[in-house]
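Okay, so subunit A shows up in both of these, paired with subunit B first and subunit C after.
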Partner chain A sequence: MSNFLRAVIDGVLTGSVYALMAAGLTLIFGVMEVINIAQGILVVLGAYLSYVLSVHLGIDLFAGLIITIPVMFVLGVGIQWGLMRRLGEREKVSMSILVTYAVAIILEGVLDLIFGPGYLQLTAWYVNQSIHVFGFYLPYIYVFGFILAVGLLGSLYFILYRTEFGRSLRASQQNKTAARLIGIDVNRVAAITFGIGVAVTAAGGMVFGATTAFNSNSSADLISRLLTIVILGGMGSIGGAMGASVLMLVIEAIVSTYWSPTWATLVFYMVLVLVLVVRPAGLFGQKAVRAQ
Partner chain B sequence: MTITDPILSLDGVCAGYGGGDVLQGVSFEVNRGGITCIVGPNGAGKSTLLAAVTGLIKPRVGSIKFNGETISGLSPRAVLSKGVVLVPQNHSLFPDMTVRENVELGAYTIKDRQVVKDRRDKIEEMFPVVRSKAKDKAGSLSGGQQRLVEFARCLMLDPSLVILDEPSMGLDPKTLHVVFQTMRAMNADGRSILLVEQNAKAGLKASSHGVVLENGRVRLLGTGREVLEHPEIATLYLGGSVEAAGGVR
Partner chain C sequence: MSALTKTFKSMSKAKLAAVVVAIAVIAVFPLVFTNPTVTEIAIFALMFMATSSAWNGFAGSSGYFSLGHAIFFGVGAYAFTIIANDFKMAPTSALFFLMPVAGVFAMVAAVGVGAVALRTKRHTFVVITIGIFFIFQLLGFNLNVTGGASGLQVPTPSNWNAATFNNPFYYAAAILLGFTVLLYWIIKRSAFGLQLLSIRDDEERARGLGVPVWRVKLSAFVVSAFPVGMAGALFAYLIGQIYPQTVFNPLFDLSWALMTLVGGIGTIVGPLLGGVVLESIQQYLNLYLSNVDIYLIIYGVVFLAVMFWMPRGIVPTVVGAVKRRRGTPTGPTSIATSDDKQPAKPDQTAGLIVTAKGATE
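Let's turn to the complex of A and B:
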């Protein structure tokens, strides 16, 4: 029983961080109908940025987010403004996959050049020390990461549903032409949305890097998982992405505990195939591209 | 036919979507205070013309003037700020937002909350459905109700030129009647109207001026009556099928 409980808690805590990273991906899709394959490497970049700040400048991992989140935001705006905005309406989704895949390969090469192929892990007292709950030890970082993810997801909802920008974002998402006709600058909304979608990878990457050893190759596994989550949640649905993240990571943790970690990854993708066959719109989606 | 004081004038407008011109030198004027109706077959370029006027697409050559001021090439937002609004042909409400949110978004460019609220209150009085369905999701309304909400939303900026792209599409005769009445009420309020109408007979009857567009070119211009009674037009567009579709008096 204790093992089961542990797997569930593990899955929920890690799932929240995946939810944050997937929320960024699905938000970008919802507004622009582009798929950002670079989201995985951007998470890794976020981890490396945190690494540099903590090791070379001695800045605490969480405090460093005050720097890395804006940096990633600007990078996201840059990708949208410099590359994605130029994509034509035709074949937009497939073109966006190609372009962001190119971005991912370039970033991966640069990171490999700078940091080499060796595995790194972020450290801090809350990474090394654990709390004792329900009869097992849990590193503090899992709890802190969970609180961070919930806080940032809450902020995301606040932005979406309680701010003027959020209104223009939802309007652009629901009807682009109508949004332009009431005076919304859809290009600007798209740039900021891409910025926000990428900014969350700074936080996700930090927690990822503190809970997992990573190198520049870690992005392949990450993006596959994030895409799985986004598809399961229903493309464009943030609530769906949150539900799918937690569900998938709990399943993974349980399989890993009772079976083996190798099978856990396999089960992850088996669920994807199964859901796509039975419910192509995703587990929670009635219709794709919704913010709820 | 000359219009002495046009609110909108197009001169040699060529525009398209990147793959060749859809509009091939369109010139005509919209008279101030009147209702001008554009008719023409599917694919003639009517909606494209409206897209060029409202800044959704930029004309390759030619000029579009509003109140004598050039507006061709401006952004949709800039055109909006001059007092030109478009209710497009396809559904243009935000389906997951409430009717009230939709109407308020009509005044997106106005930052003064009090002004927005006052206007909304006034408009809710004009459109009972906007008030009674205020808290409903716009996507849950019937086609006719959605049309009226679109009309309500377009008035939030107190426009001087209202452009309507096939407002009668998909509506039953009764709702269609309401929609045309609303259009006339807007016109009586001093707003000029530019209307695209598939139901040529009903549209031209309700209009002071008519324009026939064909293959991206103006084929005929005149008063609503002149166009309606033009022998060529009568045989081309005003056959029995239009009668059967139920005209609006």
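Let's turn to the complex of A and C:
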């Protein structure tokens, strides 16, 4: 029983961090109908940025977010402004997959060139020390990461539903033409949305890098998981992404505890396949995947 | 067969001459360039030209943007290796005849993958192919029959002359390429090819017009697995050792997509051009710089440049420019590889991936 409880707690805590990263991905899709394949490598970039700040400048991982979040935000706005904005409306989803894939491999090449293929892990006192709960030890970073993720997801909800910008964003999401007609600068909304969607990877990457050893190659695994989560949650739905993250990581943790960690990853994708066979719109998707 | 000879006859003399020259160049290449490094680069170029053509033959024609075709490469490689090892086959030229068998195994895998993945559309399809791809890679890592992470040893010809060691592989790759191009050249001119294009342009309307949508797209998917599986087998035989991550390689799908798009999606020549240029560059950088990072960066930058400056790919852009200069009337719908006697097909080259209809808004 304690093993089961441990797996569930583990799944919920890591799931919250995945929820944060996936929320960025699905937010971008919801507003612009583009899939950001670079999200995985951007998480890794976030982890490397935190690494540089903590090792070379001695800045605490959480304090460093004050620097890395704005940096990633600007990068996101740059990608939208420089590349995604130029995509035509035709074939937009597929083209966006390719363009962001190209961005991802460029970033991967650059990171590998700078940091090499060796695995790194972020360290701090809360990574090395554990708290004792329910009869097992849990590094503090899992708890702190959970609090951070919940806090940021809360802020995201606040921005979306309680601010003028959030209203513009949701309007653009529902109907771009109508939004433009009532005076919303859709391009600006898109740029800021992409910025926010990428900015969350700074926080996600920091927690990821503190809980997992990573190198530039970790992005392939990350993006596959994030895409799985986003599809299961229904593309564009932040609540769905959160539910799917927690569900999937709890399942993975349970399989990993009772069976083996290698097969746990397999289960991750098996669930995707099974769900899509039964429900092509995803677990929480409202409508069928849009026909062309 | 008469249909085939008719289509041959419909080719212009210049095009026929170009094909003959290309075949001749490929045939004599290893006799002129005997450096094993050069021939190895050439083998990879031929292999990727063939696999890009197969990828384009499915994705470019149907609009289903598969990022899971590396599954078939891996299945082909493992089928080849496991059969050759289990039956203790001698590593001679005869082993090349195992390639089609490996291709059939890949097709069988494609039936299962396609039956699941093709239920979904657009981006969901893209993601589910990635997901199924990772399932296969994980199986490669975890099954006993695949040897797990330590991979499998493939029998290597030991008594072949070192100087011409690569030549049999080279010609096997050349034949694979020839077969694949011919296959897609025929498909493109068949009713089946037109049905595929109709699915790309508007699947619901195609269904309404009586196209057996499910059967057509599944068949196209399965057919495209055959050359890819054979290429996987050839790769295994050439390299001599396979690992899950080298044959179930996620970069393969990206490469095929990039080669196809850079050359021109939906055209016959596009993936050939993209394949020969990009794969040669990749192998060159791999062998001479032994630096994968620079390659990744160059690859990404070239791709972005092509996407934004020549969004239709090199072949359609160049052909369009030449026709405009000559004053031949050409709409945005002209087909790079077709000739004027062909009935007009809607928007074949410009269509990057999914459909000719605009966005949903």
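Following the convention adopted for this analysis, the second predicted complex is superposed on the first by the 287 of 292 C-alpha atoms of A that agree within 3 Å, B and C clash if a C-alpha of one lies under 4 Å from a C-alpha of the other, contacts with A are read in each partner's own complex, and residues count from 1 in each chain.
By definition in this document, a residue touches a chain if its C-beta (ideal position, glycine included) is under 8 Å from a C-beta of that chain, and two chains touch if they have at least 3 such contacts.
These numbers come from a predicted model, not from an experiment.
When the shared chain is aligned, subunit C comes close enough to touch A:E33, but subunit B does not. Between subunit B and subunit C, it is C that contacts the larger number of residues in subunit A. Once chain A of one complex is fitted onto chain A of the other, the partner contacts of A:V93 are limited to subunit C, with no touch recorded for subunit B.
By the touch criterion defined above, A:R167 reaches subunit B but does not reach subunit C. Legend: residue contacts after superposition of the two complexes on their common chain; A:G183 is shown touching subunit B, with no touch to subunit C.
Of the two partner chains, neither subunit B nor subunit C is touched by A:A124. Contacts of A:G109 after superposition: subunit C is touched, whereas subunit B is not reached. Of the two partner chains placed by the overlay, subunit B and subunit C both lie in contact with A:N175. Residues 175, 177, 290-292 of subunit A contact both subunit B in one complex and subunit C in the other. Interface residues of subunit C facing subunit A in the complex, by the touch rule stated above, are 65, 116, 119-124, 126-128, 130-132, 134-135, 138-139, 141-142, 202-204, 250, 254, 257-258, 261, 292-297, 299-301, 303-304, 307-308, 311, 351-361.
Looking at the complex, you find that subunit B touches subunit A at residues 54, 56, 75-77, 80-81, 85-86, 88, 90-97, 101, 105-106, 108-109, 153. Against subunit B, in their complex, subunit A makes its touches with residues 167-168, 170-171, 174-175, 177-185, 290-292. Looking at the complex, you find that subunit A touches subunit C at residues 33, 35, 83, 86, 88-95, 97-99, 101-106, 108-110, 112-113, 175-177, 220, 224, 227-228, 230-231, 235, 262-263, 265-266, 269-270, 272-273, 276-277, 280, 282, 289-292.
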